[in-house]
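Chain lettering (A, B, C and D) follows the sequence in which the chains are written, and residue indices restart at 1 in each chain.
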Amino acid sequence: MKKIVLVYSGGLDTSVCIPLVREEYGFDHVITVTVDVGQPEEDIRQAEERARRLGAEHYTIDAKQLFVEYFCWPAVRANGDYEGYPLSTSIARPLIALKAVEKARELGATAFGHGCTGKGNDQFRIEYILRTLMPEAEIIAPMREGRRLPDGRREPWTRSEEIDYANAHGLDIPQTKERIWSVDENLWGRSIEGGRLEEPDYAPPEEIFKWTRGPGNCLPTPQTITIEFEQGVPVALDGQRLDPVSLVTTLNRIAGQHGVGRIDIMEDRMLGLKVRENYECPAAVTLLTAHRALEALVCTQGELKFKAMVDREWGELAYKGLWFDPLKEDLEAFIARVQERVNGVVHLRLFQGTASVIGRNSPNALYSADLASFDSKTFDQSESLGIVKTHGLQSRMYFHLRQSGR
Amino acid sequence: MKKIVLVYSGGLDTSVCIPLVREEYGFDHVITVTVDVGQPEEDIRQAEERARRLGAEHYTIDAKQLFVEYFCWPAVRANGDYEGYPLSTSIARPLIALKAVEKARELGATAFGHGCTGKGNDQFRIEYILRTLMPEAEIIAPMREGRRLPDGRREPWTRSEEIDYANAHGLDIPQTKERIWSVDENLWGRSIEGGRLEEPDYAPPEEIFKWTRGPGNCLPTPQTITIEFEQGVPVALDGQRLDPVSLVTTLNRIAGQHGVGRIDIMEDRMLGLKVRENYECPAAVTLLTAHRALEALVCTQGELKFKAMVDREWGELAYKGLWFDPLKEDLEAFIARVQERVNGVVHLRLFQGTASVIGRNSPNALYSADLASFDSKTFDQSESLGIVKTHGLQSRMYFHLRQSGR
Amino acid sequence: MKKIVLVYSGGLDTSVCIPLVREEYGFDHVITVTVDVGQPEEDIRQAEERARRLGAEHYTIDAKQLFVEYFCWPAVRANGDYEGYPLSTSIARPLIALKAVEKARELGATAFGHGCTGKGNDQFRIEYILRTLMPEAEIIAPMREGRRLPDGRREPWTRSEEIDYANAHGLDIPQTKERIWSVDENLWGRSIEGGRLEEPDYAPPEEIFKWTRGPGNCLPTPQTITIEFEQGVPVALDGQRLDPVSLVTTLNRIAGQHGVGRIDIMEDRMLGLKVRENYECPAAVTLLTAHRALEALVCTQGELKFKAMVDREWGELAYKGLWFDPLKEDLEAFIARVQERVNGVVHLRLFQGTASVIGRNSPNALYSADLASFDSKTFDQSESLGIVKTHGLQSRMYFHLRQSGR
Amino acid sequence: MKKIVLVYSGGLDTSVCIPLVREEYGFDHVITVTVDVGQPEEDIRQAEERARRLGAEHYTIDAKQLFVEYFCWPAVRANGDYEGYPLSTSIARPLIALKAVEKARELGATAFGHGCTGKGNDQFRIEYILRTLMPEAEIIAPMREGRRLPDGRREPWTRSEEIDYANAHGLDIPQTKERIWSVDENLWGRSIEGGRLEEPDYAPPEEIFKWTRGPGNCLPTPQTITIEFEQGVPVALDGQRLDPVSLVTTLNRIAGQHGVGRIDIMEDRMLGLKVRENYECPAAVTLLTAHRALEALVCTQGELKFKAMVDREWGELAYKGLWFDPLKEDLEAFIARVQERVNGVVHLRLFQGTASVIGRNSPNALYSADLASFDSKTFDQSESLGIVKTHGLQSRMYFHLRQSGR
């Protein structure tokens, strides 16, 4: 019995893989694993239904809490961003792969399949985790390898061919024209890409958005909310402590009603392609905005400058899916030290697409009435004369030399 | 005849300096220089009026075009920002000081006076320029030195004492209570600070804003604008080429009506104090947003990452007023090379406080139909297998060692 | 007539490629191009001889001066280093590929062959240039593809198989056991790698070195030399202006006699493998040491700190062979600005493996008697009180808070 | 009884301070504290003797072990360097100040005196610690304030005046001409500065060195040593575990005999002055060389690149004496994480001024026979084709656009 664990979303690509790994790769026992990181209920039900129809042994694994606690919260602490996008799809992939490995270990499988193509980022993220945790496992990527032609060559699958193939194996998918765009959704964000959306200069149509209201459609009055952080982690909303999943879910709803969280960027994919991407991530944008504002209150200027580099590097590693990279762990040690002081509350006004910080307060603020007076005791304005006189000393030497023709 | 050039705003502090440099510092010829970088007309008229009354030889110098071309445009190219604030006050100071030096040279003065206190940033910026361009000049800062007491000691001036002193010398300023906040304004931005506004947790009252409409008060419908850049410099708005000053002025008006450009941050001042600051800078925020979007289209991933560090360093030097620093020139050489390709248009939607990029287009885009096809010719999906297999190689070695207990 | 230009060193691998591209890839006209960047005369003669025997149309192109002026000198200005190794092999590859392209254009060839395997760095460097300059060209890498077995599969060539194959096509190479190590040599450095030398803990035997004398064998007395730089480029040795090639050649000889320039590092190759590498590069080490010392004299502290990052990035791009990368050009614009001031002389003592700077002098020094006195005029020691008092202000606030239990 | 703790070296400057703080600053109880961080025995005895003669209550505090364990070892882990100088004087100052504070607390003193002038770095380092740990304490710096003239003004003390003043208070110091240079010495290094030594182009005379033999005078045969590290800390020499102080002392002797550890740089002082500095630090140079080599073996490429920035920042903070800065603590958290794997041995050859790494070995090496085979299993050379084809993709797009005139 050759067993394979298929990382399974229930979409067309991964569904096609079920019969494919049987027919072309010789696996007679296909285990499908769908990891629930907050995608729509209907996607999960569709996965269960299709897996059943295609004769796979199916598992749905609820990883929502793990996802928020161990993936989203670290992202908050690192102001997790890649080129302007709050890392969402990218930080869910490692968890999905990790759960697939757990299931494979439990069921004694030593092969994995996934539905990623060869152009995108997800193949890197998923296979990195698989190879790290089970270096000996076989990995099959039928969509990347392409459809086998009679002469042995392979070429990319077309959507129409995939539908025919799936239907021939028991699904009942209507032949529609090419799907216009593809969506990936988890608790931390929703990405919409593909088709004309990839063009830099195509204004995205309103219909691609599901979580955020558009201009002219937001709630008509501003809403002020308060987020409390402990050690850089959001713990309460408007004074009420919430478990991680509820906090994110609630905030997605509230901020989304005010249109907060739309992101429209040019993104550099891992293979070097530049693609236009649209995201909506109301909770993520709101929490990252608040977190940054709190850091600006409790960190020294030197820390803020250096942590910007640390965060950027963290974001790049997370984008690449290198979840167990030693540098990532080193950066997180730095971040953890800083976050010890990132305690307090931030007040934001949500309105018409913007989450604006209007106040922040922390027991660890490097600002306070105490300190201000401490400062006036130790600082006599006339003493700044020496500071001013030495300001830019080398810079002035340089200018002086240049003026004298050197 | 001991001549002094006084960097003059027409405000209370600098007005007090006119009689002070005569009585306490022995200058019998006071030349006041007010540099117009876009502050309100009435401020300029007030400066002229007060200088006349106090018997100074007054000059108003229109530097608006110089300011935009040689200070704001370089700031755009460097995405000029300091801790979230589009550098405005800080980049006007060097120009003001520079014009004071020109006037001093013209009139044969070798001493300068200014009204800065010893706590702020402006003393650094202004004196750096004066010391750089006229290292031999004497510099007088009466507000920083404080009021001389009968016993020879000095203490900070109170507002009330300043008013009495000014009135005793011919002005007619009513005794009002302490001014609640202080404003600095130029074409590139407006800062409002002081009083309760310095507290991190005090929501700024609507009345401090003058250039931007507040929530609930913005224009009711979104407005789409197009900005064209040549070599990183904005040259046209909605297809119409505008001279630099008009472009900024127009955009301040348009974006301000949509509430774009309010900034509320904790800022680390040069002496190490953390202070809450409020800014409004509609044109700056809009242009910087557009410029960043265009760079994301034409720069490689490596350039974007490295330029972020270059820009941050530039911003820090500009904040400190080190306008002639050799490192600033080096960074600008880097920036100039990048900007050669920052050509094209950006479309933004202004609405309810936000300037959202909705499209971008450039002849230098690292994205195009041509290139996409060029790419498909050279890339066969199955070839990504090797890339995926080597992804995170060292990272996986590390994990493997760690698992084996090392 | 299918023409191919073969990047040809005359070694076994590239020699095997001559008949291979004929027999397996269908090229009937093989053009071999050997680019002289300072490798041993006998290598060049061997290449000519073997190409003739194997029936190729051969060209030897003298690129030594181009190499020093346009590849080594920029490396000096960028303190060109990768993980402790003065970039040498890596900066010669682009030039070699470039010359191959020129020859292909001249002769109307549109295909290239090279002898790189699939494990190393050179395939990246050479193909990057080929693909950049002639994106439409076909590229053949027979060693990377491996030997075709009767069943169509391929496997890596063994040295013995290569010798048999070469001899069968007219060469007369004796069957010896596996070559112990492989050498790459150009004017800027000599690398010795392979076999046990790749082990981190194997002390390299004295016999691998050819340019540098070992401990106990160096010239018995110290030698002081003076190097003069103009705009960061070495122009004279001991007061005598030398053309670029002579300067490097002379310095390789002199510094080599004193044992200067041996480098022994762990190096991270492009595919992620860590390998131990041995280099000898007397001129490069001496010139880079001198150049750094001169920069330390003429650059501000801020420039030195930032240029270290610029140089590191430059080194990484050069190591990867990305010679036409836009970021490399941007960094070079920064570097060029700095180098305008890198003029002057550096005195070094060469002795027993070390090039020690013992003096430096520059018209652009940010140190001089003039400036020292300028400084004493403007600086009164007691004025440093204010500077000292504000030193570490935020840092002390932090400590204060921590002490009070927050 | 007004008590003051004087940070006391026993040199002329600090000795003059003893009577001065009595006569001019009104302290009637002077406590002198000399902290032994490895300076010469005779300096310590001289301090005791002079303090006695001048009537101070004297304490010598042996802090050698603390110094190595809590100051030098962290410096090793951070590759502690500032502009090419292994931080030595700078990392001893905080400990000296810290011990002074402990003594003051013990004896109930709330004032401190020190002998630093206003031009150097030490005033910053010492006062930062004093102000951090006892913000309320009074700090007196008589040398910085200068000698009081009859008219109340102050001017810098001359050496001759200091000698006269000291002798008038009971010392017996002969009037010699200006000391040629000044020396600071602790276990980690010895600095020699001042006089002509500050000139960039003055070859330092052999006589300034005390710990290291010069060219022509070193031991005649190479010596190979082995240093073992645990978590980045040196624990054994040639297989023998040594306590921290013995390890450093022994290595200073051994490496010094081979002339290892001379440093000659241009250094940017904290006030912006560039000064030529000479150091000798045999143990520090040897250990830092070994430590770097071990890191190169166990860290990923990404870690090495990023840690270089972390280390540089650490070095800058340490140079400034900001020992309790939160950023320093954050950086140390990063460093600590990396150092967990910095275990193993490094073999070095000491000879004629150079410590050359000739081998390194670690259980945490990202190189091993195991891993090499792991690699060959997962890597088929022909798979690198895809990697090579995507190498520099954006860079080639850029070039393509540029060629087409954009």
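Criterion: a contact is a pair of C-beta atoms (placed from the backbone, for glycine too) under 8 Å apart; a residue touches a chain by one contact, two chains touch by 3 or more.
Every value quoted in this text rests on a predicted model; they were computed, and no experiment measured them.
Taking each chain's centre as the mean of its CA atoms, B is the chain most distant from subunit C.
Two chain pairs, B-D and A-B, are compared here, and A-B has more C-beta pairs in contact (counted per touch definition above). In this assembly, the C-alpha centroid of subunit B lies 43 Å from the C-alpha centroid of subunit C. Chain geometry summary: the mean Cα position of subunit B and that of subunit D are 39 Å apart.
For this pair, subunit A with subunit B, the centres built from the Cα atoms lie 33 Å apart. Residues of subunit C in contact with at least two other chains: 131, 135, 268, 271-274, 300-302, 309, 325-326, 341, 366, 374-375, 378-380, 382-385, 387, 389-390, 393-395, 398, 400. Within the complex formed with subunit D, the residues of subunit C that make contact are 83-84, 117-119, 123-124, 127-128, 131-133, 135, 141, 144-146, 154, 156, 200-204, 215-216, 218, 221-222, 262, 264-266, 268, 271-276, 293, 296-297, 300-301, 304-305, 308-309, 312, 316, 320-322, 324-326, 347, 349, 351-354, 356-361, 365-367, 375, 379-385, 387-389, 391-392, 395-396, 398-400. Residues of subunit C touching subunit A in their complex: 300-302, 341, 363-364, 366, 371, 374-375, 378-380, 382-387, 389-390, 393-395, 397-398, 400-401, 406.
The touching residues of subunit D, when paired with subunit A in their complex, are 131, 135, 268, 271-274, 299-300, 302-303, 306-307, 309-310, 313, 317, 325-327, 329-334, 336-338, 341, 374, 378, 390, 393-394.
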